Every structure is written in structure tokens, then in C-alpha cells.
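Below are two complexes that have chain A in common, paired first with chain B and then with chain C.
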Partner chain A sequence: MVYALPNLTDDSYFITLMIFSGINAIVAIGLCILMGSAGQVSLGQAGFYGIGAYASSVLSQSFGLPVVISMLCAAVISGIAAVILAAPSLRLKGHYLAVATLGFGEIIHIILNEFGPGGPSGFGDIPALSAGGFVLTTPAHVAWVVWGILLLLMIFSLNMLNARPGRALRALHGSETACNAMGLDVVGLKIKVFVLSAVYASIAGSLYAHYVSFISPSSFTLFHSVLLLMMVVLGGITTVWGGLVGAVIITLLPETLKAFEELDVLVYGLILTLSLLFLRRGIVPIVTAKIHSLLVRRNA
Partner chain B sequence: MLEVQNISKVFGGVHALVDVSFSVAEGSLSALIGPNGAGKTTMMNIISGIFPPDKGSISFKGGVITRLSPAAIARRGLSRTFQHIELFAEMTVLENILVGRYIKSRSGFLAAGLRLPFVRTEEEKNRAKSLEILASIGLEGKADELASNLPLGEQRMLEIGRALATEPSLLLLDEPAAGLNIRETRDLGKMIVRLNTEREITILLVEHDMDLVMRISTSITVLNFGQKIASGKPADIQRNRDVITAYLGEEDPSC
Partner chain C sequence: MLTVFLQFLFSGLTVGSVYALVGMGFNIIYNATSIINLAQGEFVVIGGLLMWFFLESCKLPFLLAVALTILSAGLVALIMERLTIRPLKTNDLLIMIMVTVAVAIVMRGLLMFKFGKEPYSFAAFTEGDPLVIGGAVIQLQTLWVLGITGTCILALYAFFNLTIAGKAMRACSFDPTAASLVGIPVSRMIMFSFILSAMVGAIGGIAITPISLMEYDKGPMLAVKGFCAAMMGGLGRGRGAVVGGLTIGVLESMTAGYIHSGLKDAVALLILLSILFFRPAGLFGNAAMQRLKGH
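Here is the complex of A and B:
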């Protein structure tokens, strides 16, 4: 079936960027739900991303499980890790929660370094993405699959956020005292939202590993967690669309700055600093508010 | 409906409540009054499970709730409002009510994300029910406003509406008239009476506004310095010596 889809373009460089944008966006929308809706902080998303990559790779390579099954098992393992992280961290808020999750990310990094296959140098020959006999051979196919999964997760997230669980998460952000008075299970909700964001990160990590076919612990560090944080803050944490837009921008930005040659890192930093200063609410909320006010004026 | 038995609570060296007992009969509109610092809010917080008492027990609908969490108590049908408003400020008026419907519905993360058929019917039912509640508290025109944009009087109404959405059998109102003007207080009083008579919700009211309490409540318990000094019908309380002394001070024989 995938062969019926048109090739996006022959430019494999562009396709690679599309794949990485999509993978980052999957983590970012999970982080938006966790931070923007439920008001919980995580500086350890790269940890779940790493668990997803390593677990799925090892299960499919060493144990010969089909890739799809490996990815699902990896998601379950990440979910369990999220429960283990969330349970003791639940009493923490704000900066303290940030530090606890940061510590979690570092622990995962150390574990991968010490006990992961290949240690710090990582390992390769990870099976390519495949399902039911179809092996995704070209990057264009991988791009379709990644963006297809992203689309499904977007729909799932929007449905969830617009219904009972989503309202409960935003209520949690608003007032825990009132949540308790309304009979909401505050602890359970926090664990569930952590698990949800971990599963998203895990799926993205698995896709990453099966696409690049070589992984090492250096891809799953605090730096990556901070980059993910940048994506959601830049795009706007209050909506999952913000995560999507932010992920695409942050992934493409360094590439478009290549024109500045050796000054690119400097310009990159400058753009991020300025956008945090002047686009505090995030790009998507600012743009939607603008469009909304234009429509209101036209109708008035 | 509610039995408060021999409750004591000490904060540091302060005896906030000393051996207080009273009961709220099913269907009644009861009030808990007393001068500032009498221990009214402490009693509210102990009943709703925010902190446990040092001594004593509380039973609700025949079951002991003394050590239960606030959420567990709420799920048993005891809902409350707060003296200092605790709305979900960044959510709309309608969404605030819908959060109140949480314990009366069951769609979880997976079901909602997959938009299963039962989720859709449940959402529609909750929406209809919430709009009906909004109409009954006079906020039907403000469903899509952010809760934080409402004036104080309407925020208090919204808190009551949100508590109603949980379909409580006992509603605790913690100083609902605080900060309201005379007209708003009168409307509030009418609404509380309507909730009690039409919806048959038992109500326990903590209030400073003596006029309001005397007008609407059917039975009153008076606290002073953490101790119960009187309880009875409004007319009896108004004539009670101890109560008058607590509020106005001792009569000076030299006058």
C-alpha cells in the first residue's frame, strides 16, 4: 500500500528533516499535555525517548520480535518507568519536580552508558521499520509512517483533551484543592499523564532507532530534554498544535541557518533568546489570538 | 445525615475546637455561626477531610469519614464551596461545571482519546446537565467566559454550581455571602433555600451574615472560642444569653 503513495520529493535531505521533525513532534505533543494542560514539569523526556529507542532495538534485534511488537513492548516499559518516576515525585511541584525529572533523565543516560549494548559507543544494525511483511525501505516511506503516527496521536490527544480526562488535567493545573473537593483522584491523574507523555516519547524513540539503525547514549541526554522543552515553549505549551509547530521549527532552524556558516550557532541562540523574550505565550497561541481578534473585528 | 462527635483540634497551642458535637438532619438547612476565630472554618475543613481532627469522629450517611481523603468524602456525596474562591480560573464557566460532573461520569484517557460512542453520549449528557445547572444559578449567558473574568458574586454562584454538578446529598457552604452586596446576598439566600426545598439537598452553611442565617436556616449551632455554646432554632438562638454575650460582650451593670 505504501508504494501507492507519491514520493514526497527526491530530495532525501528534506525527507530526513521531515522524519526528524515528525519524531520530535510526537515527543513534543506529549510534553505539551504534561506541561501545558496538567501543569507538571519534565526535564527528563529524553529518558523515556531513550528507553523507547533502546528497548525496541534490543527486543527486535536480539530477541527477534517483530518491530511493531517491540515498539509496543518498549512503550509499556516506558510507561512502567513513568509510574516509578511519578510515584515518589508526586508531592513535588515546580522547580523540585523539574530537578527530580532531570535526575531521572540522567539516571537513564548513565544506565544506557554502563549497561546498554555497546556501552558509550552504542550499537547498530537495528532492524528497519516493518509491519506484517512490509519493510520500509525508502526514507519517503518512513516519513509517511512517522507523520501518519503523529497524525493519529494528534487526533487521540485532541479528543482526550476536549473530553473528561482533558478537563480534569486542566483542573489539576488550576487548583488541586478544588480538584480534591470535586472528588478527582489527583495522584492517579498525575501518574496517568506522566505515563501518557512517556508513551509518546517512547514511540518517538523507537521510530528514531529503527529509522537511523544506529543508536548511542549520547542521543538521549539532558541536552535533548532541554531541546524538547524549547520546542514546546516556542510553539506554545497550552495546545498540542504548539508542540507540533515548535518541533518543526526547532528541527529545521539549525539547517536553515547553515548559510551563516560558522556564525550559525550564535544566530540560533539569538533567535531562541529573542523568541522567548517576545513570544512568551508561544507562536500558536499568539497567532490564533491574532486571527480570532481579526475575525471578531470583521464580524463587528 | 451528618454526625459530628466530640471533635477537638489544636493548632500549636491554640485550641481551635474543643469537644464539639452537633448533627445535621437530613433535609435541613443548618447553619454554623460564631464570631471571628470561633473555629467554624476549621470545622468545615475537618468535615471535608482537608485535615484530620485530634479527637472525635464524623459520620456521614451512616459511615465514618473521619480519616478519609477529601476526594473520597466528595465521592460519597459531600460537596463544598470555599471561603476563598477556588475556581479553575483559566477554564470557562461551563468547563468548571463539567469538572464537577467528573465523578458522575466514567470516560477515561483511552476511551476519550479514541472517542468511543459511549464517550460522545456521556459528553452530551454532561453538557446538557451543566447548562441546566448554569441556568439555575443565573449564569447561562456566560458559559464560554473564563471563570476568572466573572465578578465576585458570580464566581461564588459558579462555585455553588460546580458543587451541585457532583449531585451531593450534603452541601457545605463556607461563607458564601462574604464580599457580596445586599442585593447579591438576598439572591444568594433565595437560591440556597431553593436548593434545599426544590432539589432536596441538605445544606450546612457557615456564615457571618447574621441576617441571612436567621432568615433562611432551620437549625443553628453556635461556636465561640472553639466551643459549642448553643444550638437550636433561629428564634431560640436570638434569645440565647450566651450567644448575645459572645457577639456583643457582657452587659455592663454600671450602665
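Here is the complex of A and C:
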């Protein structure tokens, strides 16, 4: 199993990549639910990621709160920001939320740049992940925790999507008018999903900050929001597995593309463009459909 | 006191003009397709950098360089529309907007590869002593920027209201099906709207570069601010974008001057968010409200 991998190797480079994949995957599955199920797009997910990182770091470092508590507080702050952002813009057509989130993400970046501790150069000495006196010291432990949290969130998301909220979301994707007619609170549902995705992003941001112990505003830019979007599109928005697969691929990609050096921006853009044009359904849905059709043919 | 105020006002109007041009670019495409082309800012960058390339690197005469730059921007837009927007054949606005974001990244990657990360500039269009009005110094290039913006606005207004092609493009925005029934080649009009908006953006880039320099990664911010300008005037309403752009430019410059320069970029975004929340049809219109309201 993937979750057992960190113990199989002492290669710290590999473990670091595992941790970053897991952190990105947490944001990506949240974005997946938002895009695939609620049909909304967010270009400001890095903003929530940044709030998670900064709020949790400041609370635990300057106010001495336990890391777990500050992570939860950060998630609450992100959730509130998400409600404030989503409530008015979700009443408008889809792309208005996209633009509002883009503006939101940039504002967060500017605020962190101007008023965040350390300004544009960021700050360090952020306490490591810990719970009840037990401090995570080795990267392998962090990898376990990150993928553990990811697993829990995956289970939660899959269950939610299979239960009543998930059915409501699928109905929403089918026909919003019909949903309204059936008495579903469409806007309320969309806001809840948006908050959920913001909380996921916030948790991931907190994990990132407490793992790397040094953060600066440059990690929370529009480019990062686009990267997160790319993970989801590449993996496939219709299933949360898509977010996971996409996150792992996009996180590992720069390592394999190192030969391109200065061209990395270009290659990223090309991959996103091509996957939008040719893999619009995403890797996971395409592969599962292939496997499904193979199985059906064999049974027939 | 007044001198400083005037100085801020003029510099605000200068950047504001470029926002207005970008905003009009958004409107042109939005009117023909209801797509929000987030690669709009990249065309301004293309305008500035290619102008430098033709003028300083190739040593071409000024007017030829201008013509080549504008044509190249149009060509890039043509390629973008033919290769990415048209093959999509989807009504999913989400996908279309994301494609424009992706294309913008590709363009930025190419520009960075060709020009690197340093800022570029070239000489102002005309040499001469700056004007002094009420103690405030106004560079001649500022007048060029304002004049060019005004000319673009008038030309676009004339195009959309007086020519058959312009009227046909507007018809596509009202109802593509009806437009194609009366024989308007809708797909060609969409392509044309991309080219036109790219050219407008490039003109803005050419005009502003001698004043504010140009680098490969200015696109997203320009796009955001141009979009704010378009939203402020009401998306799709040409003249609104002009007022919106100039307002944002002036407010920005005042914020930078009187409050805190780091907050300059936040102004436009705050305006954008408040408009989205309180007056989504823009400050000047409510006729478009019906079109904006989703349900």
C-alpha cells in the first residue's frame, strides 16, 4: 500500500516528495468536490492554503497554542472567509465565483506580503507538528500523519458524496432548476461545499507550514492556485480519486521536468492546455471507463 | 499640496488608460462569446515586449515596429482561438475560462524564455520637455497614452456602431443562433473578436512601456485590473470599462501616494469584490442584470 511506503525507504528526498504530494492532494480533493460536484471553480485556493499556513503558524508560535488547536482555528478562519466570499458571489453565474476567488487569492497574497510576519521574506521557526506532548521529529513520521489525514479526508469525502449531500450535489449538476423545484437549498449547498474545500486547503496549508517550518508569501500565489486547479483537471474532476492522482502527478512532475529548467512554466502551461483539450474528463475517469469496458466485454 | 495631488492624478490616469484598454478587450470577447478571456493581460505584455524587440533589437523604424507588433499580437490571438477555444466545442464556461488561464501560462512561459525576467523599456514616442501644469510634471508620453486610448475608444465605438462587421459581432452576442440564421459567420466573428481584443491590448502595451516598463509576468495583474474595470462599468458595456479603468487607475495612484504603496494592488481587487457582491451589473447599468443573474 502507498501508506506503507514511507517506512520502506530511508530516502529523505523521496519522503519529502511524498509529504508534498499528500499535502497537495488534500487541497486537490477539496477542489475536486467543489468543481466536480458543485460545478464551481476556484482560482483562489492558494489563498485559503495561505490562511491555513499563516494563521496556524502565528497562533502556535506567537500565542503558544498547541499545534492541533491552531490548525483547527486556522480552518475555522478559512471557513469564515469562504462564507464571506461565497455567499454573495454564488448567487451569480459560475464564472463570477472564479473571478471573485481570483481576486480573493491575490488580496490574501498582498496582505501576507504587507502585514504578514517578516513581510515578503516570510518567517521561520514555526513549531513542528505535535499532539499531546508527542512531537513529530522525522520526515517519515510527518509523511505518515499527512497521508493519514489525507486518508481520513478521502473516506469522509467519499462517504459524503455517496450519502444525501452527494446525491443533492449530483442533482445540482444535472439541473439546478429541478433542484430548486424539489425544494433543495441550492445556494446553501454550494456555500457548504465551498467552505469544505476551503477547510481542506487550510488544513493542508497548516501541515505545510508546520512541516517546512519556514513560510513566505511567495508560496501562496495565483500560480499555486492554478497548479492546484491543474492537478484536479488532470486527475479528473468527477471523482475525488482524480484529485489524489492529479496531485501526485503534478507534484512529481517538476522533478522529472528538471531538465527543462527555465521552460518549466511553459511545460506546465502546455500540460494544462493539452489536458483540457484532450483529457477533459481526466485521467482517473478515463482509465476507469477503459477498465470497465474491458471487464464488460470479457463478461459478455 | 495641489501639485502632489495633480501628480498622482496624472499618473493614475496614465495606468488607468491601460486598464481601460484591457477592460475593453474583455468586453469585446465577452460580447461575442460570453467567455472571460483571462489571457487578456498577456497581450499587453506581448505588445510591450515585441515592440522592444522590433524597435531596439531589430532596429526597425518606429511605425513599422508598431504595425508588426500589433499584427503579431493579432496573430497570437488567432492561433490561440483556432487551437484552443474553437476545438473545445463546449458550452461549459468553466472549461473555457480555464483554457484561457492555461494559454496565458503558455504565453508567459514563452515570453520568459525569449525575454527573461528583467524589465524592458524603450524611448518615449516624442522627445521634448515635460509639461508643467499647476506644478505637476507631465511627461509627453502620458499625453500619448491618453490620446491613444481615446482614439482606440472612438475607433471601437465607430466600429461596433457604424460598420456592418461591428454590428454583426454585436448580433452574435445577443443571439448566436439568430445571427447565424441571418447569414453571419459566427465562428469567424468569434475569431475576429479575439484578434481585435489582442490588438487593443497590444496597443496599450506599446504606449505604456516607455513609462512603466514591461516584464514577462505583468499579465495576470493587468488582466485582473482590466477585468475590474470591465466589471465596474458593467461587463460587455464598452464605455463603462473606460470610466472603470480610469477610476481604478486614479484610486490606485492615490492609495499609493497617500496611504501605502503596498496596498496599491489591493484597491482594484477590493473594488472588484464589492462590485461582484453589491452591484454585479456594474455601477452604471442594470439592463445587463438579467443576463448576469444565473437563476
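Going forward, the second predicted complex is superposed on the first by the 274 of 300 C-alpha atoms of A that agree within 3 Å, B and C clash if a C-alpha of one lies under 4 Å from a C-alpha of the other, contacts with A are read in each partner's own complex, and residues count from 1 in each chain.
Methods note: a residue touches a chain if its C-beta (ideal position, glycine included) is under 8 Å from a C-beta of that chain, and two chains touch if they have at least 3 such contacts.
What you are looking at is a predicted structure, and each value in this text was computed from that prediction instead of being measured.
In the superposition on chain A, A:N180 makes contact with both chain B and chain C.
Contact with chain C, but none with chain B, is seen for A:V99 once the two complexes are overlaid on the shared chain.
Once the two complexes are overlaid on the shared chain, A:V240 sits clear of chain B and of chain C alike. In the superposition on chain A, A:V27 makes contact with neither chain B nor chain C. By the touch criterion stated above, A:A46 is placed in contact with neither chain B nor chain C. Note on chain A: of its two partners chain C and chain B, the one contacting more of its residues is C. Applying the stated contact rule after C-alpha superposition, one finds that A:L263 touches chain C and leaves chain B untouched. On chain A, the patch touched by chain B and the patch touched by chain C overlap at residues 177, 180, 186. For chain A in complex with chain C, the touching residues are 35, 39, 41, 43, 85, 88-89, 91-96, 98-100, 102-104, 106-107, 110-111, 113-114, 176-177, 180, 186, 222, 226, 229-230, 233, 262-270, 272-273, 276-277, 280. Residues of chain A that touch chain B in their complex: 156-157, 159-160, 163-168, 170-171, 173-175, 177-186, 192, 196.
For chain B in complex with chain A, the touching residues are 48, 50, 69-72, 74-75, 79-80, 82, 86-91, 95, 98-103, 105, 107-109, 112-115, 119, 122-123, 126, 162-163, 166. On chain C, the positions that touch chain A within their shared complex are 36, 38, 84, 87-88, 90, 93-95, 97-99, 101-110, 112-113, 220-221, 224, 227-228, 231, 260, 262-263, 265-266, 269-270, 272-273, 276-278, 280, 292-295.
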